[in-house]
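What follows is a pair of complexes built around chain A, which joins chain B in one and chain C in the other.
Take a look at the complex of A and B:
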């Protein structure tokens, strides 16, 4: 055994995140680590990578006790961590990025100078290992997402690791690029390295790994050879129940009446786009990162300017779009970035929930009817099941991610939206809260409102939507009606343009 | 005990600070605890308080208004020009009304200009108001050729010393501004939106807050408050002066910051600013009475404001980590 986790416990405050994990890692093999957000995958790997200390238990590396006190310490012990968010400086060159800590130096007349020549040569060697054929002087900003990933991997490999951790490495890659990455991972494995591969993409996990460990709520639920799993069994293990129950069912009632009609929407690489939403419909948008879904909806809501396009709301043409106007018309927009655009993070729950609806609760002299809005907002927060200690004094930053999202949701539901736009509403929140949000969407639609759901979780879209529009590189690549829903076809549509250009 | 003292809300600690300082100075500073000096304190407090209230509005939105000194200068010469018997633009009784209205109008206009530059053109408040400060300060001096304007109407220069029902007129004015701004910030939609913008401007925009309009309002309001301050100063000095208020910026920012209003926005209260302004006036007055030099007073004031800002920064950090 190269590495063993022995009864690892970890708590943040009173919250137990890992509850006695026992897991082993062999040389020359790939371990897939799967589980929902908040299951404890990242925490476990952060302990291995020396980013957070463990609360109790121990790790053994090649039979010796291993307790890293910093990421650097972990690195010297042969552990390389390739994070989901890449840690590169876009303004610097590849070589400068690789040697940001230990830049080669030369001595001229007793003074130390940077030795760019040596750095370049070393970089070239490292880049050729990962099969990246670009100049070491190239600024990282000029590289594609996949190339940046490769630079990050090259950087990790330059430390001669024994264990390499990949955290969601494929989220920003095209299929073709992902395959190239997998080939590299396989060759690393053949060289005798141990690989940990964390991913939400179960297809990738099944294809690439030798063993799979499933975490749920901080516990190791299963650990076995990859061949003993199927995707459905994995999903069941991850969420602890059938996906069928997990996303509550709803009978589609289409009214046939259009509420929002978008035509010829265009700006930059986006569009031209044409689509419409019917009353009582859930319209899903799927696509890869950078497909332009968020950009598109931000233009519709008047947050970013459009070059061309017309919007009709209930048949009426809309001019000079802005949130004030849309909220008045009954259109609400829950943005992807909860912290920066959804909440006033240092403000109380009450004020956050009330923000969008305040103009509707004013008396003479522009006074706010605090009594009424206080009552309504509390009722709404309770209706979406927000868990808090004190509604009027507690600050939202003290809430969990799921509860914060419920605060944002309560804010928008309080405006009684006819159309609710949700951009990645379940990103980074726990399963329980997810389930509740699904139930809320269904309830909203049942009451006659419509929903636009932008999501990167295909299961979520399949379960909730009446129709799914797949976007790729700023265009609509295909539209699926409910009876045509099929996982692989939707994925293929999302990759459509990208693949053509790569191949 | 000490730690908890500084951790209490800005309001509580600044009140204790004012009281403590007042009591100590009553013993230490010669001529401090006299009827005459108490009037002095009041007359110094009122203009500073009103101007600082305007600044509080701006700072709650995470902005800053450095142009107040130039607004005071321009409004002062405007008032002088409209009211002085030298220029004789209006007859005696009307000149007072037109003078005061003119001053308010000019103050609001310059403030609006600041607000438009910040809100519509997205320029940093610091840059906008720094440049308008230079521009209008220069303009005031150029227009008057650096000459003061004298011979203001009797009714105007006597205003600070007149009284109604035994209470000096300026107190009414101060109470009205205090009450109005408290009402606006704490009871109205406008106030809710001002705080919201300071806490998170993006969230506010997406949630339907009329961000540009509110930002223009707070700068215009700051200009309005500065104009009221200028009316006080002009009447007391009996002069329309193009360099009026040049040294007041530090006192105003100091009053707001000592009161505990956050420079990062979203936090601040009128009552805090009241005590902040009171403390600045106490400091100025007592140090003067102890016959410290102007420069020494500047050093002390600067240090006090620095410490206040430090305490605020610490308080915010501790709030974030808990």
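Take a look at the complex of A and C:
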């Protein structure tokens, strides 16, 4: 046993995130760590990586008690953590990024100067190990997403780790690039390293790992050899019930009447795109990271400029798009990043929920009718089941991710939208809140509104949508009607013509 | 939106300082025959030395995505303290040491407030800007102080025909350049400027880097103050006023981004300083109305900050559209 987790508990305030995890890592093997968002995977790895301390329990590294007090401490103990968000400085070169803390030095006239030659040689060696053929002096800004990922891995390897944690390493990679990464991980395994591989892509997990541990709601549900699982059994273990009742069914059909029509939308690598959405329809958008779904919808909503394209709303052509106009027309947009764009994170729940409808509730002289708007916003927040202590004084940042998302939803539902655009609405929230959001979407559509749903979770789209448009590299690669829905075909369409690309 | 991806426009935006420099040199060269003389070159460099030294320090702070508004006040305080001490009969070396210590102290105070109290650099240094100037006015009783000849001698000393201020200027630029390009500290300054959060995650001691950057800036300001008064011969109550803005302008002209993480002392800030000084010098050479100086300098600064902002906006836009600029 290289590393053992012994009865690890972790709580943030009142909330218990990990409830007694017992798990072991072996040298020369790959452990897959799977579970829904909020299951505790990241917390467990953050404890291992020295980012957060554990509440109770202990870790043993090679038989000795291991309790890192900082990421640096974890690193010196041979643990390398490759985060999903890369921690690189694009304004520096690859070599400088690799050695930003422990740069090789040489002494000139009693002063310590950078030893660029040694750094370059070391970098070249590590880069060839990860199969990246670029100059160590290349600024990171000039690299592609996949190359940056490799640099991040090279950085981790430069510390000679015993355990390497990969957190969702493939989200920004094409299939071809991901395969290259897997080969690298296999060769690291053969060199005797212990690897932890966190991914939502169960195909990858099945293909790459030796063991799989399933976490759900902070507990270790299963831990066994990979060969003993299948994807459906994994899914069931992860969510703890059948997908069937996890995503509530809806029997309504679309009206056939078009409400939004987009034609010839284009900017940068995106487009030209043509699509339309009908009244009472849930239109899903699927694609890999970087497929341009968010970029496309941001242009439609007037948040980013487009180069060309026309939009018709209920048959009328829209000019000079901006969010104010859309809100007046009854179109609401829940953005991907609720912390930065969806919420005033340090303001109260009441202020956040009221924000979009304030102009609608005014008395004489344009004064806001706070009594009325307060009543309605509270009713709306309760209707979406937001859990709070005090509606008017509690600050949004004190809520959990799921409840924060409900505040954003309440804000937009209060505007009584004819069309609600949701960009990754269930990202980073727990299963219960997800279920509630699905129910809300269904209720909204039943009342005659339409929804655009952008999501990276294919099950969610399959369960909720009437139609799914799959995007790839800025274009629509295929459109699926409800009767044509098939997991593998949708995935394939998303990977469409990304295969030939080389690293 | 088409023009923004145009190659010529892009490269012009990229080298805006050099383009402006060329324009300025050409215009003044045509208007005044003696503009390109050797003596005038020495003049420009001597006059630029003080600004160049404080702009070098300023570059460090700007690279960390901060700003230091207090440098003009530190210059003023340096002038007042050193002249008071010399007039009172203290030896020069002692006056200089005290002044350098004051510069370091102010830098440390700025850095400490930014790092520990987590106050925005703009506000911190706005406060120290007033404190420094106030202290200087209090010490000098808002009167101009004339300096003894011993002081002025330093300003006019020459080594191999090169005036002392230029030598000090060159030394500071060389040291600043070496610090930024040849030391771990320099590389970490760029990293911190790009993102303090990422830097912390990478294990960089962010607070130490910030503290050192403000310290360097304060030290450079006091050196710059000494170099300036050694040429002027007197410290007036307005001495050093607006120097902070000239220094920021020069650094930004030289390609240092106000968003942090981008810029150089050499060639960047050096070119920026020379550009500012050439405009001043050129306007004198062509006998322009002195009231026009601030207007023209302001115009140039406006132009450059506008270009910096445009460049930034354009990169953001391209990034959003998925185009990575080489």
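Basically, the second predicted complex is superposed on the first by the 498 of 503 C-alpha atoms of A that agree within 3 Å, B and C clash if a C-alpha of one lies under 4 Å from a C-alpha of the other, contacts with A are read in each partner's own complex, and residues count from 1 in each chain.
Quick note on the criterion: a residue touches a chain if its C-beta (ideal position, glycine included) is under 8 Å from a C-beta of that chain, and two chains touch if they have at least 3 such contacts.
From a predicted model like this one, the values you see are computed outputs, not experimental measurements.
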{"item": "When chain B and chain C are modelled together on chain A, clash or fit", "value": "fit"}
{"item": "Following superposition on chain A: angle at chain A, chain B versus chain C, Cα, nearest 10°", "value": "40"}
{"item": "Touched partner set for A:295, first chain B, second chain C, both or neither", "value": "second"}
{"item": "First (chain B), second (chain C), both or neither touched by A:446", "value": "neither"}
{"item": "Touching partner for A:474 - first (chain B), second (chain C), both, neither", "value": "second"}
{"item": "Partner chain in contact with A:114 - chain B first, chain C second, else both or neither", "value": "second"}
{"item": "First (chain B), second (chain C), both or neither touched by A:411", "value": "first"}
{"item": "Touched partner set for A:304, first chain B, second chain C, both or neither", "value": "second"}
{"item": "Which superposed partner A:125 touches (first chain B, second chain C, both, neither)", "value": "neither"}
{"item": "Contacts of A:342 with chain B and chain C, given as first, second, both or neither", "value": "first"}
{"item": "CA minimum distance (chain B, chain C), superposed complexes, angstrom", "value": "6"}
{"item": "Contact residues common to both interfaces of chain A (with chain B and with chain C)", "value": "none"}
{"item": "Chain A residues within the chain B interface of the complex", "value": "301, 303, 323-324, 326-328, 333, 335, 340-347, 351, 354-356, 358-359, 362, 365-368, 397, 411"}
{"item": "Partner chain A, residues of chain C touching it in the complex", "value": "1, 178, 182-184, 187-188, 190-191, 193-195, 198, 201-204, 261-262, 317-318, 320-326"}
{"item": "Complex interface listing, chain B residues touching chain A", "value": "187-190, 192-193, 195-196, 199-200, 202-210, 266, 319-320"}
{"item": "Residue ranges of chain A touching chain C (in the complex, touch as defined)", "value": "70-72, 75, 83, 87-92, 96, 100-101, 103, 105, 112-114, 141-142, 144, 267-270, 290, 292, 295, 304-305, 307, 474"}
